[in-house]
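Chains here go by letter, A, B, C and D, matching the order in which they are written, and residues are numbered from 1 within each.
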Amino acid sequence: MGHKPAFDPGLTQKFDAPLRRAINKDGSFNVRRVGASWRAFHPWLHVVNMGWSGFVVLVVGFYLALNFGFAALYFSLGADAVIGSAAPTEAERLLNCFFFSGHTLTTVGYGTLAPHGVMANVAATIEALVGLLGFAIITGLLVARVSRPSARIQYSPNAIVAPYQDGTALMFRIANERSNNLMELEAQVMLMQVVGRKGGNLERKFDLLALERNTVLMFPLTWTLVHPIDENSALYGKNAEDLIAVQAEIMILVKGFDETFSQVVHTRYSYRADEIVWGAKFSPAFRVDATGGMVLELDKVGDHNLVGQ
Amino acid sequence: MGHKPAFDPGLTQKFDAPLRRAINKDGSFNVRRVGASWRAFHPWLHVVNMGWSGFVVLVVGFYLALNFGFAALYFSLGADAVIGSAAPTEAERLLNCFFFSGHTLTTVGYGTLAPHGVMANVAATIEALVGLLGFAIITGLLVARVSRPSARIQYSPNAIVAPYQDGTALMFRIANERSNNLMELEAQVMLMQVVGRKGGNLERKFDLLALERNTVLMFPLTWTLVHPIDENSALYGKNAEDLIAVQAEIMILVKGFDETFSQVVHTRYSYRADEIVWGAKFSPAFRVDATGGMVLELDKVGDHNLVGQ
Amino acid sequence: MGHKPAFDPGLTQKFDAPLRRAINKDGSFNVRRVGASWRAFHPWLHVVNMGWSGFVVLVVGFYLALNFGFAALYFSLGADAVIGSAAPTEAERLLNCFFFSGHTLTTVGYGTLAPHGVMANVAATIEALVGLLGFAIITGLLVARVSRPSARIQYSPNAIVAPYQDGTALMFRIANERSNNLMELEAQVMLMQVVGRKGGNLERKFDLLALERNTVLMFPLTWTLVHPIDENSALYGKNAEDLIAVQAEIMILVKGFDETFSQVVHTRYSYRADEIVWGAKFSPAFRVDATGGMVLELDKVGDHNLVGQ
Amino acid sequence: MGHKPAFDPGLTQKFDAPLRRAINKDGSFNVRRVGASWRAFHPWLHVVNMGWSGFVVLVVGFYLALNFGFAALYFSLGADAVIGSAAPTEAERLLNCFFFSGHTLTTVGYGTLAPHGVMANVAATIEALVGLLGFAIITGLLVARVSRPSARIQYSPNAIVAPYQDGTALMFRIANERSNNLMELEAQVMLMQVVGRKGGNLERKFDLLALERNTVLMFPLTWTLVHPIDENSALYGKNAEDLIAVQAEIMILVKGFDETFSQVVHTRYSYRADEIVWGAKFSPAFRVDATGGMVLELDKVGDHNLVGQ
C-alpha cells in the first residue's frame, strides 16, 4: 500500500472478482446489504423510499385491515350493536358492519348506520381515533414522499478529452433541468482504476482529479467542469486504450443548495472509459432570443464536435 | 482566454446577441429553459412555485373533478344507490348524487344522502379515502407555499461611488425589512462586463469585487457593503462612461441564516452601470428615540447626498 | 475611522443620543423598524412569531367570521335551504343556520341540520372545502409555533475576571438547561465601547475578544468560556471603573447543532460593565452521585467565590 | 494545568468520585440534570423524546379527558340538550352524552346523537374546534416522532491495535446499516484518561487522536478509521495494561449528511480500554456476488483475526 495513503472515497480498495460499475447511471451505488440487525430497520425511512406501487398497496392494505378488523368486532357484538345493520342474512349484516366501519374510520359518519350500546360506541370511538392518527401518519408519509428535495442535474452523456490552453483537459458539462435555483455548487471528481493484483485480490486505486474550478456561486445555465491533464493528473500520458485496460471509471459528486427546498442536494454520476470521447469539444447549448433573454437548450447539453488534434 | 482562468459565477461567458440584464430586480435570472425531459418535471416543486391564481384553479379543479367523477359513478349505480337522492328528473337526481359526492369527499357526511348497497358503499369508502389523502397533499402544498423561508432584504436603489479613506469605494447599503433575526450574513459581489468580441461572439468577463468586509455576525440595523477601488479592483481607473460602455452589471449575492425559519436564505440583486451614483455618500437611516432605543428607518436605506469630489 | 477597519458585528458605530443596552437579556436586539413596505410583511412569519393570546384571538376570530359569514348566506337562502332549521322566530332560524354552518365548517355533519337545494348544497360544499384548507393552515401554524427549535442555554448571571495562568482572564459559564444534545458549539464574544465623539456624534467601537477555545464538540455539562486578558485584548490594562466609563457591553453569540430538531440554533447574551465581577472564580456546578453518574446542577451555573487578588 | 490548554470536548476535566463510562453504548451521555428552571421545559421537545408507552398514555389520556369533560358539560345542560340521549337512568344518559362527545371530538358526527339548543350547539362547536386543533398537534408530534432523522451506524464491537505501515495503529470499523446514502462523513476521535489527582480531585485529560483520514465523501461499504500510533499520539508507548490503569476511554463522534432526510446526522460511540484488542486485524466484511455486485455483510463488521506481533 506504500506510505502515502491513497485517497479513498469510501469505496473499498480490494476485491476478488470482476465488478460492475461502482456508481449506476441513476446515481445509486452498486452495493447490497446483508446481515443487518432488525433494529436497524427504520419503518419511516423504508416507506418513504419504497416504490409507488408498494406504497399504494401498503396504504390500501392498512385501510382494509383496519376496516375489516373493526367490522368483525361490530359483527360479533350482535345485531343491535349497529343501528341500521339488520339484514336478512348474516353475510349482509357483516357487509353492513363493514360499511359502518368505513364510515367511522374516515369520520364521514353518515348516520344511516350508527353505533348502539356501550361496546359498539367504545369501539367506534377507538376506530375514529385510530383512523385520525393513521391518516395523520399516511399524510406525513405522502407529503414526505412527494416533497423530497432532489436535484435534477443533466450530465452530458459523454465526458470529452479536448485541447485546452497548452495541453488537454477532461471535460464534462452539466445543466440544471429545473427552473428552481441551485446555488453554491461544489463538485468533486475521482478516477477509479484497477491497478494490480495483491495476494490474489485485484486492487482498486482512487485519485482525485483536480478541477480548474470546483465551485460556482450560481447555476442558471450550463457549467463545464474542466480537469486539466497536467503532470499532476492521474490521467497524464494515458490514452483511451490505457483507460479501458485499467477499467477506469470517472466518479463525480456534485452538491448544491436548492432555494425552493432550502436544502442541500447531492447528485452522483460516473463515466466509464468507453464513455469518454477523445478529441472533441462541446458546442453551445444556449442561445439568445429576440427579446435579449437567454435560452438554455437542455437537449444540447451533451452536444460536441470532434476536433482535429 | 489566457492562462489565468477568469472567475465564472455560473453564467456563461460567450454570447452572440444583445442581452437584457442578467439578474432581474426581483433576484431571478434572465434565463428560460427548453428541451427538458418530462422526467425532470417535479410536480411538487412546480405547484409550490406556481402563482396563487393557478394554485387556486388547480385545487378547485381537482376538487370538482373528483366530485363530479364520483357523482357520475353514483348516478350510474341507479336510483337506490344513494338514499335520499330520488328526484322527479334525472338531472335533479344527478345533482343529488353530486351533493352526496361532496358530503363524502369532505367527510362531512350529513346523512340526508347516504350510500346504499355494496357498490355505492365501496365507492363512498374509496371517495372518502381519496378525499382524505387528496386534502393531505393540498394541505402540505398550502403549508409549503405559505411557510417558505425567504429573506426580505432591502437594497439601496443605487450603488454609490464615494470618497473612502485615501481613495474611493463602491458602496451599497442593505437592511432587513423584517424583524426576524438574520445571522451570519455573507456577501459576494461581482462585476460583469462585455470585454470584446471573439470569432463573431461578444464575450462577458466576470470579476470578483473584494469587499472590505464580506460577513457580519448580526444584522439588526443596516449594513453598508464597501468595495475599495484600489489597484486590484476591476473598477480601478474607470469612470461612469466607461462602465456604461462595457454594459457593466454589479451582481450581488447575500446569504444568511434566518432564525425564525432556522434555514439559510439567499438573496440576489444587481446594479447596472446607470444605477451607480458617482460622488455621493449615504445619509443615516436610523435614529435613537426618546427611550434610548434604536429606530431603523427602512424608507431611508437608499438616501444619499452628493458630495464634492 | 483610520486605515484599519474596526470589526463591526452588524450594529452601527455612530449614534447621537444615549442608548439602552444593545442586546436585551432575552437575546433580542434593542431595535425597532419603521417605514417598511407592506410587501415586506410575511403573514406566516408574523403569525408564527406573535404571542399566544394574539394567536388564539386570531384563530377564534377566523373561525367565527367564517362561521357567521356562511350562516348569513344560508339564512338568506330562505327557510327550506337548511333542513331542520325551521324555527318560530327569525332569530332562532338564524341561530340554526349558524349551528349548521358550524357542523359543516368542522365537517362534523350530524345531519340534524342538512343543506337542501342547489344553492345551499354548493355553499355547504364550499364551506367544507374552506374549513378543511383553513384548518390545514391553522394546523401548520400551530405545529410551526410549538415545534420551533430553540436552545435553552443558561448563562452565568455574571461574567467574572479571575486570575488565569500567568495573568487574568474574563470568564463566563454556560450550560444546556435541556437534556437534548447540543453538538459543535461555537462562540463569539465582542466588546462594545463608546470611544469618543466625532462631529457631535458619539461613536461605538467593537472588538472581538479572542477565546482560549471557541468551539466544543459536545456540551453535556458546563462550558466555561475564557478570554485571556493579554496585550492583544481590548480589555488589557482596564479596570472596573474604566469599563463603566466607556459603557462597555460584552456581547456573546453562541450557536450549536440541536440533535432533536436536527437544526442549528443560536443564542445571544450580553454583560454590561456592572455585571462583571472582578476577582472571583466559578465553583463547581456538578457532582458525582452514588452510582458514578454525573449530575449537572443548573442552579449553580452562576456560583462563584471572590478570591484574593 | 500548564500553559498549553488541554483539548476539552465539553466534558469536565475534574471530578471527585469514581465514574461510569462517559458515553454509553447507545451514544447518550452519562449525565443527569437537576435544578433546571421550569421555563427551560419545552413541551414539544419533551413529548418528541419520550418513550412510546408514555406517548400513547398521553394521547389516550388527553383524548379521554376532553371527551369526559365535554360529556359532563352536555350532561349538565339537561335531558334535551342532546337529541337521542334520553335514557331510563341518569348513568345511561351520561353514557350517551359521552358517546355524543366522542362523535363530536372526532368529527365523525353520525347524527343519532345531535346537539339541541344554543348552549349544546356552542359547546359542540367548541369541542369540534378543540378536536381538530388537538389532533393537529398530535399529528405533528406523531410525524415528528416517526420521521426523526437518525443514522444507524454499526461500530465494530472492538477497536484493535494492529501493525500498520512501519508501526502500529488503533483502528475500528464502521458501516451504514441502512441503505439510505450517507455522504461526507467526518469523524473525530478522542482519548480520555485519568491522569492524576489535584487537591483531592481526580483529573481527566482529553487528547485528540489524529486520524490518517478523518473524512470520506461516500459511505457505501465499510470505513476503517485508522489512528497511527506515532510519537505525536497520546497512545505512543502505551500497552493494554497502561490504558486500563488510566481508565482510558476512546470517544468517537461521527457525523454525515443523510440524503433521505436531507439533514446532518451525528453518532457517538466509545471504547473502554478493555474493549481494545491488541494485535489483530479486521477481516473483509463484503464479497462480490455472481453478478459482479458488491455485497456488504453487516454481521461481519467486527470480525478480526489475531496476528503475530
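Here, a contact is a pair of C-beta atoms (placed from the backbone, for glycine too) under 8 Å apart; a residue touches a chain by one contact, two chains touch by 3 or more.
Bear in mind that the values here come from a model prediction, so they are computed numbers and not experimental data.
The interface with the greater count of contacting C-beta pairs, when B-D is set against C-D, is C-D.
More than half of the contact pairs of A-D, counted by residue number, reappear in one of A-C, A-B or B-D; that pair is A-B. Greatest Cα centroid separation from chain C: this falls to A.
Under half of the residue numbers found at the chain B and chain C interface occur in both copies, marking it as a different-residue contact.
Rotating chain A by 90 degrees superposes its CA atoms on those of chain B, with the angle stated to the nearest 5.
One finds 25 Å separating the Cα centroids of chain C and chain D. Centres computed as Cα averages put chain B at a distance of 36 Å from chain D. In chain C, the residues that touch at least two other chains are 103, 107-111, 139, 261.
Interchain contacts join each chain to each other chain, per the touch definition above. By the touch criterion stated above, chain C contacts chain A in their complex at residues 107, 109-111. If you check the complex, the residues on chain D that touch chain A are 59, 63, 67, 95, 98-99, 102-103, 106-112, 135, 138-139, 142-143, 146-147, 150, 152, 154, 165-166, 177-181, 183, 185, 212-213, 216-223, 257, 259-262, 284, 286-289, 291-300.
Residue ranges on chain A touching chain D, taken from their complex, read 1, 3, 5, 8-12, 14-20, 29-37, 39-40, 42-45, 48-49, 83, 103-104, 107-111, 113-116, 118, 121, 124-125, 128-129, 131-133, 136-137, 139-140, 144, 148-149, 188, 253, 255, 261, 263-266, 268.
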